[in-house]
Amino acid sequence: MTHTDRLPDFLLLDLVKRALDEDLGGAGDVTSQAVIPDGTTYSAKLNAREAGVISGMQIARIAFHTVDPLLTVKTLIADGRPCKPGDICMTIEGDAKSILMAERVALNFAGHLSGIATMTAAYTAKATGTKTKITCTRKTTPGLRLVEKEAVRHGGGSNHRFGLNDAILIKDNHIAAAGGVRAVLERARAVASHMRRIEIEVDTLDQLTEVLSVGGADCVLLDNMDNMQLAEAVKMVGGRLITEASGGMTLDRIAGVAGAGVDYISVGALTHTVKTLDLGLDF
Amino acid sequence: MTHTDRLPDFLLLDLVKRALDEDLGGAGDVTSQAVIPDGTTYSAKLNAREAGVISGMQIARIAFHTVDPLLTVKTLIADGRPCKPGDICMTIEGDAKSILMAERVALNFAGHLSGIATMTAAYTAKATGTKTKITCTRKTTPGLRLVEKEAVRHGGGSNHRFGLNDAILIKDNHIAAAGGVRAVLERARAVASHMRRIEIEVDTLDQLTEVLSVGGADCVLLDNMDNMQLAEAVKMVGGRLITEASGGMTLDRIAGVAGAGVDYISVGALTHTVKTLDLGLDF
Amino acid sequence: MTHTDRLPDFLLLDLVKRALDEDLGGAGDVTSQAVIPDGTTYSAKLNAREAGVISGMQIARIAFHTVDPLLTVKTLIADGRPCKPGDICMTIEGDAKSILMAERVALNFAGHLSGIATMTAAYTAKATGTKTKITCTRKTTPGLRLVEKEAVRHGGGSNHRFGLNDAILIKDNHIAAAGGVRAVLERARAVASHMRRIEIEVDTLDQLTEVLSVGGADCVLLDNMDNMQLAEAVKMVGGRLITEASGGMTLDRIAGVAGAGVDYISVGALTHTVKTLDLGLDF
Amino acid sequence: MTHTDRLPDFLLLDLVKRALDEDLGGAGDVTSQAVIPDGTTYSAKLNAREAGVISGMQIARIAFHTVDPLLTVKTLIADGRPCKPGDICMTIEGDAKSILMAERVALNFAGHLSGIATMTAAYTAKATGTKTKITCTRKTTPGLRLVEKEAVRHGGGSNHRFGLNDAILIKDNHIAAAGGVRAVLERARAVASHMRRIEIEVDTLDQLTEVLSVGGADCVLLDNMDNMQLAEAVKMVGGRLITEASGGMTLDRIAGVAGAGVDYISVGALTHTVKTLDLGLDF
Amino acid sequence: MTHTDRLPDFLLLDLVKRALDEDLGGAGDVTSQAVIPDGTTYSAKLNAREAGVISGMQIARIAFHTVDPLLTVKTLIADGRPCKPGDICMTIEGDAKSILMAERVALNFAGHLSGIATMTAAYTAKATGTKTKITCTRKTTPGLRLVEKEAVRHGGGSNHRFGLNDAILIKDNHIAAAGGVRAVLERARAVASHMRRIEIEVDTLDQLTEVLSVGGADCVLLDNMDNMQLAEAVKMVGGRLITEASGGMTLDRIAGVAGAGVDYISVGALTHTVKTLDLGLDF
Amino acid sequence: MTHTDRLPDFLLLDLVKRALDEDLGGAGDVTSQAVIPDGTTYSAKLNAREAGVISGMQIARIAFHTVDPLLTVKTLIADGRPCKPGDICMTIEGDAKSILMAERVALNFAGHLSGIATMTAAYTAKATGTKTKITCTRKTTPGLRLVEKEAVRHGGGSNHRFGLNDAILIKDNHIAAAGGVRAVLERARAVASHMRRIEIEVDTLDQLTEVLSVGGADCVLLDNMDNMQLAEAVKMVGGRLITEASGGMTLDRIAGVAGAGVDYISVGALTHTVKTLDLGLDF
């Protein structure tokens, strides 16, 4: 995992502008307009108030610079790096009103994304020493998928599909509509681009047997199985497919599931149930 | 609180389109394109899998209709109403591919917003029997403030400012920059629109005394005080200002703080730390 | 009133881009393309051709820099400052084609907004020596509300609501629909955020009596009353509510209405009937 | 002039949405949300309160239908038709909150555009009995050029350029930069599309002589001339070019200038100094 | 390949609106406004004037309905179906001005996309009787990738990556930067999502040998090889990887390259060098 | 024709952003993210691989700078200048990942637009020594009209209408709907702005006679005539109108048609059937 920005700033600009517009649009910051004397400057620190893994510094920087390109912004803890309480993540210097206008948006992004990175790191830690990776899902916050997927990577996790548009995942509905496992896999392979992976969900070992006999899939999603079933499934697959376990993957299940030998564990909660990391701006 | 839509659909369209674009943009739903036979139709149910308060049905309906205006969508549990496990919140009938294309976006919105409404309801329940109301903050998910604020209302909460643009909230930085409590309040009242409320944050009872002597504020934010201090503050205010308590307002503190007699308790966690409500689509 | 920019440039960019696109979109400036030799440079002055109060220099500067970031733009008369005929408000130096491309958009904004500031200053001058302030309404030019409200402030006026979204103003329709003055005020106070002011419109002194007896409002809008009625209303209110007079408030009525002692006079004409201030670009 | 819509609705949608968003964005209509009972319906009339020429009914209809497609909207006085005080221009029936949400935006557009149409009609009336037409300029309100140009047509006026992009107008700066009248006209004709007209501005009859001798222009703009000079210029042109008079064309000058025989009189004030037409919504 | 729309209309709306705005924005259709009497209706036919494969009927329908939802549009030849000269592809009935406003945009899309489908069909025909499929590249027209990729499918071709964002394609630069074939493949597999395919480009059989020995790729791109090299490469791969031939793949080379046994032939010219299919609207 | 940029960059930004978003949106460049080490820099050359006329360097530069403002981009062959195989058109230095992210978009624009410029130059060469100019049509690629029209000029061609919005072109449908040639021309002249040219299409010399007798047009479009008819038409017109020949104007017809003496030959193929110019990026 790289610790420098993987995404060009321009891909994040609209996201930041919408958030700033949400907070300032229509009238601007009526408090600062009223009470902060012109020419007041601040030297601010974006501090961590609890331990975790940082994400969102890139987007926080963009937020400050969108409001005021003349602010001096320095990132001290890069996205993907750990923080402990009291650490200074970023310093911002310049016009006081500009800093106050961007403060909440920068913190809302950074707290949310660092919360995701931190939780992901907690999950990945549970699988330490195994080959199993933690991966996210499409259960992301509407509008934030790109940056939430990055935050998962900052926390040491891996990314699943970014959307319905970039890989094939065949679920029970698809199997039923297409007329069974064989039909659906043949149809998918015939129609899909050769640049797209195909994953198929199975709920039982019988289904897995059928998937293995038909071929055509790259990955198999082992849904809602217990650890014994998972271990048996991994044995049956024998490395011919990538294996992924899903369904109720709480933190305390990870070690056991990883022990069953699956390649990936997908965890919706990484992005659908986010506890913000406590960050604050001090002047 | 009304149980019908308070916001016109058109204000939510861009939000929904961006979320759908995030999931489908570039190539569409490559799985359904490949394996669902043309003409397949579904009769789907959006079910609650745990108890809570529903929010996001309006936006879920818009999502289904944006993908396919011909879908028949019926809302059975309106936003702001409670649900229990197994309840059918919404039914959707029509083209299978259309339903599958909108499914995840609809669920991501509805799960997130119902999670907020449910948590808000838990907080408001703790203040039952008092005059104290629970209110949210600006610590919202970037891009979702409008609907998250609605979800807080669906859960029985009240809304604080929607942005820096619609009311004045004077914090310690503002006081320092303006040269003290008297200066900041006089300046704010002189400059602010007569249609804007002014709230000022105090950390000590001494500050409160000064605020009361100066006048000009509508509300006072009592920050990080314990219950005894809060009760004393309420007594000092004597109904001349609206009182709001904030700072570390976890669920188990609410009864005590409400008992101190404040008018409002503001809780950042309502929107910055969201546990999705478990909703699913069944066919 | 501050004489430096209160709004961050980024909030105005889309407004400027749309105006430039309106003038240039599709093909650009076909005249300058055809006849201005490459490399021609201009030193241009944006001059006042009549006396008034300047507004729109911030947006004019953004217009020139959007077309060409290399232009040197200097503002000599800041927004909110008076001008007299012949005054140089701004100087622009650089590529001739760039200056010609932005000229009309810059002037259209600046002339329109300075017209508003100038008219507002004329109204406020009529209330000199009284405590009465002049305030604008929501009768603004579609798309320009943010900058027109700023122009009112540049002219020494005060701002009323920025939209239906930031304060409560109860009119006769609302009273009728809610079932009377008591019902509407109780309902508004129960539902509204504590951070929103409530104003209620009255047409008669009897209505005012009812408003005062019910309580719950912050401001009262005294609509279409003559000066004697206004004076009586102010006396009845006795400082318990902010008073605002509205309805046919032409320039020659201001002194009399201010003499009646109201806190605010709202004037739709400030923004709905705008006489441009004569500004021009000289080379 | 047609009395039915000349522009497809889709070209006006963004304009209407921005105006509605300006008035409602962020939180919606907080007054109606609070106090109007669900299910309340209105039967509203958009009335003229003074005499004039109507414009903006198309855009008012779009505004009501954008907020609520279920409203029943009937246009009784089409754009381009005269109105007198008390005339009903449009009726709107349906949900009360929907009507209140769109009311101000609809009226702001319609009042502004009808103001332009009415003023244009006043100017054209002064030229009755002559061949002279009144035409607008690029001195329009930023963002509203398309509909303001339509309003000029609704008032019986003609349209000049819609932007720098659709015709060539050579002014003194262009002449100077290109090296004189002959050089600029030759260059313009050589470079310009054959589908673009060329107009050239002259301040003196000597300049006009040179323009006529060089050829290449379609129209000549006679700037800041008195009526005698204009008559002489018209005689010199002898029908070889279209003649347009401009510069300080107030209402009381029109008859005289038209008498001088020019083809067009261009009037910036039609769009840069707009007096709204008094329209209101009654329930 | 399905012959009904695979993409929801809403994904195509912005594309259509931008094209219509490009043709109509600023002033609308000034010809039809001037000369077509109100109330004129047309019954129009969109006809094929040469043989080919149709694509773009979905987008043409959206164009007509964006301009005027009341037009009656019937598609007679669905996207992906062949046409011969004189075939009626679509009929459009309704307001004459509406049809004329949308005509050119509809034809520009349909001619361009049908040109791509037709050329793709010519390529795929050359590989008839082999297992080889024709696939497109990222050498598409800026802004049109989504619909051009669909057009390739309508012509019987297959889709390669839709962007840099949905699969991994390792080229010579990547190999050099990462430090060789082994390093680049190991790094790609370690970092990439398990839902992404990896393809690697090789120019020589030696490179292919190395790729095969390292493993980790799903596909190999055989660049600029002659048919003998390709046949040898296919033999070396032995079905372990998907094989794709690229580089100068003109129509007359397809049969030979397909004969060499590769799985895919990628052809940039399908989308970078488009001959419009001659379609016209007759009234 | 100028060899420097005629359009301000800001008019092209959205076009470039959409193209980059199409290629990168959702996830970014997953290949470079995975395999290019941080800190790798490139010195790249954008080379011509065949002879032609360059267009699109301005937009290529914008693409590189949108992705990374720190890249050093130097244009060596300006838009409108010829290139031969091996010529370096542009150099780009800086971060390797940034260059790779923008590469394809820059090349897709430049190849497409240079293809148009090159083909236009081939057409104009056929008319060398005559007064006849080659002009484009509205048969452009949706979304690219502005830059395709520029490319035509870079190739030495002239521009026809940019849209339905900037000039009047009366075709057979218009004549029929308006009631004949006289009616349509009178109506057009009465309604049209004096700043708009009017062109009318004729298919026969009889129609031309009628057009000449009625007057009111600026240009006549001689559609689908052979060279003898064209020569006769030119003689009949006698310089009173601009003449334009259209209909099946392939490269081998140009010399003959130009010899017939028409002023313009319009060629749809310049923009509807584009062969990309082979350009590539070398490192």
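So that you can tell them apart, the chains are marked A, B, C, D, E and F in the order they are listed, and the count of residues begins at 1 in each.
FYI, a contact is a pair of C-beta atoms (placed from the backbone, for glycine too) under 8 Å apart; a residue touches a chain by one contact, two chains touch by 3 or more.
These numbers come from a predicted model, not from an experiment.
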To reach chain F from chain C by way of touching chains, what is the minimum number of steps? 1
Quick check on the contact graph: shortest path length from chain D to chain F, in steps? 1
Equivalent of A-C within the choices E-F, D-F or C-F, defined by over half of its residue contact pairs recurring: C-F
Greatest Cα-centroid separation from chain C: which chain? E
Looking only at C-beta pairs that count as contacts, which pair of chains has more of them, A-B or A-D? A-B
Of the other chains, whose C-alpha centre is the longest way from the centre of chain F? B
Take the average of all CA coordinates in chain B, do the same for chain F, and state the distance between these two points in whole angstrom. 52
Dist(centroid_CA(chain A), centroid_CA(chain F)) in Å evaluates to 44
Nearest whole angstrom, what separates the Cα centre of chain C from the Cα centre of chain D? 23
Residue numbers of chain C (touch at least two other chains): 22, 24-28, 33, 101, 145-146, 159, 162-163, 165-167, 169, 191, 193, 196
Between the chains shown, work out who touches whom and classify the graph as line, ring, star, complete or other. complete
Which part of chain A faces chain D closely enough to touch in the complex? 22, 25-26
Where on chain F does chain E make contact in their complex? 15, 18-19, 22-37, 40, 42, 96, 100-101, 104-105, 107-109, 111-112, 115, 138-146, 163-170, 173-174, 177-178, 184, 187-188, 191-193, 196, 272-276, 283
What residues of chain D sit close enough to touch chain F in their complex? 1, 133, 135, 158-162, 165-167, 169, 191, 193-197, 199, 218-219, 242, 244, 263-264
In the complex, go through chain B and note every residue touching chain D. 2, 4, 6-8, 10-11, 145-146, 149, 159, 162-163, 165-166
If you look only at chain A, which of its residues touch chain C in the complex? 17, 20-21, 24-28, 33, 38, 66-68, 98, 101
